[in-house]
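The structure that follows is given in the form of structure tokens.
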Amino acid sequence: MFAEFLQYLLSGITVGAIYALAGLGFAIIYNSSHVINFAQGEFIMIGGMATSSLVAAGLPMWAAVLLAVLITMLVGVALEYFAVKPARNADVVTIIIITIGASIFLRGMAQIIWDKESHSLPAFSGETPIHLMGATIVPQSLWVIGVSFLAILVLGWFFNRTLFGKAMLATAYNRLAAQLMGIRVKRVLTASFGMSAILGAIGGIVVTPITYTNYEAGVMLGLKGFSAAVLGGLGNGMGAVVGGLIVGVAESLGAGYISSAYKDAIAFVIILFVLFFMPSGLFGKRGTERV
Amino acid sequence: MSLLRVNELSKGFGGVLAVADLSFTINAGTIHSIIGPNGAGKTTLFNLITGVYRPTSGRILFDDVDITGKRPYELAALGMSRTFQNLQIFFNMTAVENVMVGAHLHLQPRLLPSLLHLPSVRRRDAACRERCLELIEFVGCGKYRDADAASMPYGALKRLEIARALASQPRLLLLDEPAAGLNATESREIDDVIKRVAAQGVTVVLVEHDMKMVMGLSDHILALDYGRKLAEGTPEEVGKNPDVINAYLGAAN
Amino acid sequence: MQMKARTTGLAAMAIIIALLPITFPNPYYYDIADTALFNAVLCVGLNLLIGYTGQISLGHAGFFALGAYASAILTLRWQVPPLAALLAGAVAVGALAFVIARPILRLKGHYLAMATLGIGIIIYIVLNTEGWLTGGPDGLMADNFTVLGWKIKGDGSWYWVGGGLLLLAVWLSLNLIDSPVGRALRAVHGSEVGAEVVGVNTTHYKVLVFVVSAVFASVVGSLYAHKTGLITPGIGSFFRSVELVTMVVLGGMASTFGAVVGAIILSVLPHVLTTFEDYEAVVLGLIMMSTMIFMPKGLVPTVMRRLRRRRAAA
């Protein structure tokens, strides 16, 4: 009974960690530019696909990972430079279409560069399951959870302790004031896309040995990441992480106890329910709109 | 006779009171000004009266009916309308269409007749358009009647908002800094518009920093500072009040 | 002046619809044209919501699919006459939209995008999962559409139905926009608080337009089911919803003719691109990005403005 619950919980935390990374990616970009980047899921896909093909081409794992992260980051920066920046002052719908267009474009490119097949990666430290109070967990899950946790810690350090991180936070808080203080807002925007891409790539790489990846794998992951970010309250980094974990765990418990067919629906039911009662998410800024 | 009564009204934003325990009365048929330094709570007070914000505590009575917590559109139906310090123009419409939205309540808007453009709808719309053009003329924006609002200059938009508010045929009209950002000539024109509106029997509540305009127009002045009543009375009384002079000099420093 | 532009536009559209089939080299073209017409009707409805009222929906394919499934299920399983099934579907979808509209339309911007997206995906997953009713991923068959003994059969007849419906939809939309209700909708887009203080109940109008656009989608869905004869859950997917929004935005938000043009372009495009099948996604993505970057107002308004400026210069 408890073992079963623990099993669901563990797998929920594993996917939840990926959602958290994706949600964090949404939050970082949203904070610096108020853009919702619907191509966030494609960063995850590119990270996994690139690593897998580089390993297949004979590169050692570490080199493949580094290179894949770098490639994804460049894609993120290019996305900002070519698609988002030129539409700076457009309204919400326009920018939504642009980033959705970007996601379709990247998916199409992935299908041309690679193919429509599933790709995998060897698990980082073997496949021998670890037993834990009646539940089992594959070592790769620990990698997923550990690496995500580490990435979140590094980000926390970056935003609170480094000058550039603080500059990014300042820009999020008040763009004009930041600009007047001499912060180069343009660089902050570019950096936010680069960083979100890196986060996505990392998530994609660690999760590929478990879930496999293909050119379409980013769609659902991206939407779940968006749910995580909205659930936590847009622009709230820690909110996105908590949101990701909630979505992951709820999904896993729901699939286990209620219906596995409705696994993907659960995230959206939760999000609707929360938004009905808290229109700006769990930890979103509340307050009276100024008139 | 009192048209609007505000009783012990307060509004807090995260602990800070923008309007604090404020009570006053506005008599029908007067021009009533509300003055105070920046951040005194004037716009917040307008937002409370017109239902844009909900008060933290206190009551508002319009025609001796408790209207606390009612939404703006309900208050508009009771005969209250306003303009905004920061323009709330419909930039996706033309000038006359903006004003025609102001006449919304008097058009019996229903879906099916609108979809079919029934003759009754067309007739009412045509008549409404005529009335709205008169209003545009009345506030002095005649030459922009069919222009896109997005292409109009700031001064004209300020007046267009007044015309839109008038189109709802209010008994109480609240104007939030109608002359802000206007030059001396334009200010005088606004001054004149307000006088003519008041002459038609509309009760006007005016928030304005232009003291000359306030002193010249008002029957009654309420001075606020930090959300509280600082002084109240005729222009002469308030102009002589040492607290008011102090608050203004203090703000000027 | 506006009146004239409207009649000219409608007349031009009627003539194009009437004469277009002359240019069709084979019946396959009717099939493409039918889809384009149906999408155009749907987009005219969606444009009322997105373009004129400024409320995004990333889940409208869900309402389309519900209409389609309602018709297929009712006519096939319970032998309900097609027209009655269509109406029943429209009423049901309208009721659903009405119930969810109030809480959903309190949300703004990205939160609204998220919520509508969620609704769409939930509908899609239900259609996929409840196989006992919907046939699951394999889908459902639907029969021909018959009204009063008259059977609409073949892509040729559907063309005239679609064309007539599009003219009707455009006429209704143009009427609405230039009426008190339409001005209230546009005012909601322009400034909600500005509209409220002159007596516009913004919640009421947002709910109203959401329901109207959902009913448009449902009706088109019903007809689509009868036309294609086979429907699968894919017609309600997130991708379809995105496609519909793109049609509206590409053609021009807050332009009825724009929605029609956008719908036609994006419906025909895949058939033009079949020769580079592998590049379809890449090209679609590029088109979406570049139109939004270079003509954020959409095709029709941008072109109209250029024309007007040229005429003014001449």
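By written order: A, B and C. Residues from 1 in each chain.
Just so we're on the same page, contacts are C-beta pairs under 8 Å (C-beta built on N, C-alpha and C of every residue); 3 or more make two chains touch, one makes a residue touch a chain.
All values derive from a computational prediction rather than experimental measurement.
Participant: Tell me the shape of the graph of touching chains, choosing from line, ring, star, complete and other.
Facilitator: complete
Participant: By CA centroid distance, what chain is farthest from chain B?
Facilitator: Farthest chain from chain B, going by C-alpha centroids: A.
Participant: Please indicate the chain closest to the centre of the assembly, with centres calculated from CA atoms only.
Facilitator: So the chain nearest the centre of the shown protein is C.
Participant: Between chain A and chain B, tell me the centre distance in angstrom, where each centre is the average of that chain's C-alpha atoms.
Facilitator: Chain centres of chain A and chain B, defined by C-alpha means, are spaced 47 Å apart.
Participant: How big is the gap, in whole Å, between where the Cα atoms of chain A centre and where those of chain C centre?
Facilitator: The answer is 32 Å.
Participant: Give, as an integer number of Å, the spacing between the C-alpha centres of chain C and chain B.
Facilitator: 40
Participant: Would you pick out the residues of chain C that each touch at least 2 other chains?
Facilitator: Within chain C, the residues that touch at least two other chains are 193.
Participant: Name the residues of chain A that each touch 2 or more other chains.
Facilitator: Chain A, residues with two or more chain partners: 291.
Participant: Quick one: which residues in chain B touch 2 or more of the other chains?
Facilitator: 52, 84, 88
Participant: Can you check the complex and tell me which residues of chain A touch chain C?
Facilitator: So the residues of chain A in touch with chain C come to 30, 36, 83, 86-87, 90-98, 100-109, 111-112, 219, 223, 226-227, 230, 234, 259, 261-262, 264-265, 268-269, 271-272, 275-276, 279-281, 291.
Participant: Note which residues of chain C are touching chain A in the complex, please.
Facilitator: It comes out as residues 50, 56, 58, 103-104, 106-111, 113-115, 117-119, 121-122, 125-126, 128-129, 193, 238, 242, 245-246, 249, 253, 278-289, 292-293, 296.
Participant: Under the definition above, what is the set of chain B residues touching chain A in their complex?
Facilitator: Touching chain A from chain B are residues 13-14, 43, 47, 52-53, 84, 86, 88.
Participant: Under the definition above, what is the set of chain C residues touching chain B in their complex?
Facilitator: By the definition above, chain C touches chain B via 172, 175-176, 178-184, 186-187, 189-191, 193-202, 208, 212, 254.
Participant: Which bits of chain B are touching chain C when the two form their complex?
Facilitator: So the residues of chain B in touch with chain C come to 50-52, 71-73, 75-77, 81-82, 84, 88-93, 97, 100-102, 104-105, 107-111, 113-117, 121, 124-125, 161, 164-165, 167-168.
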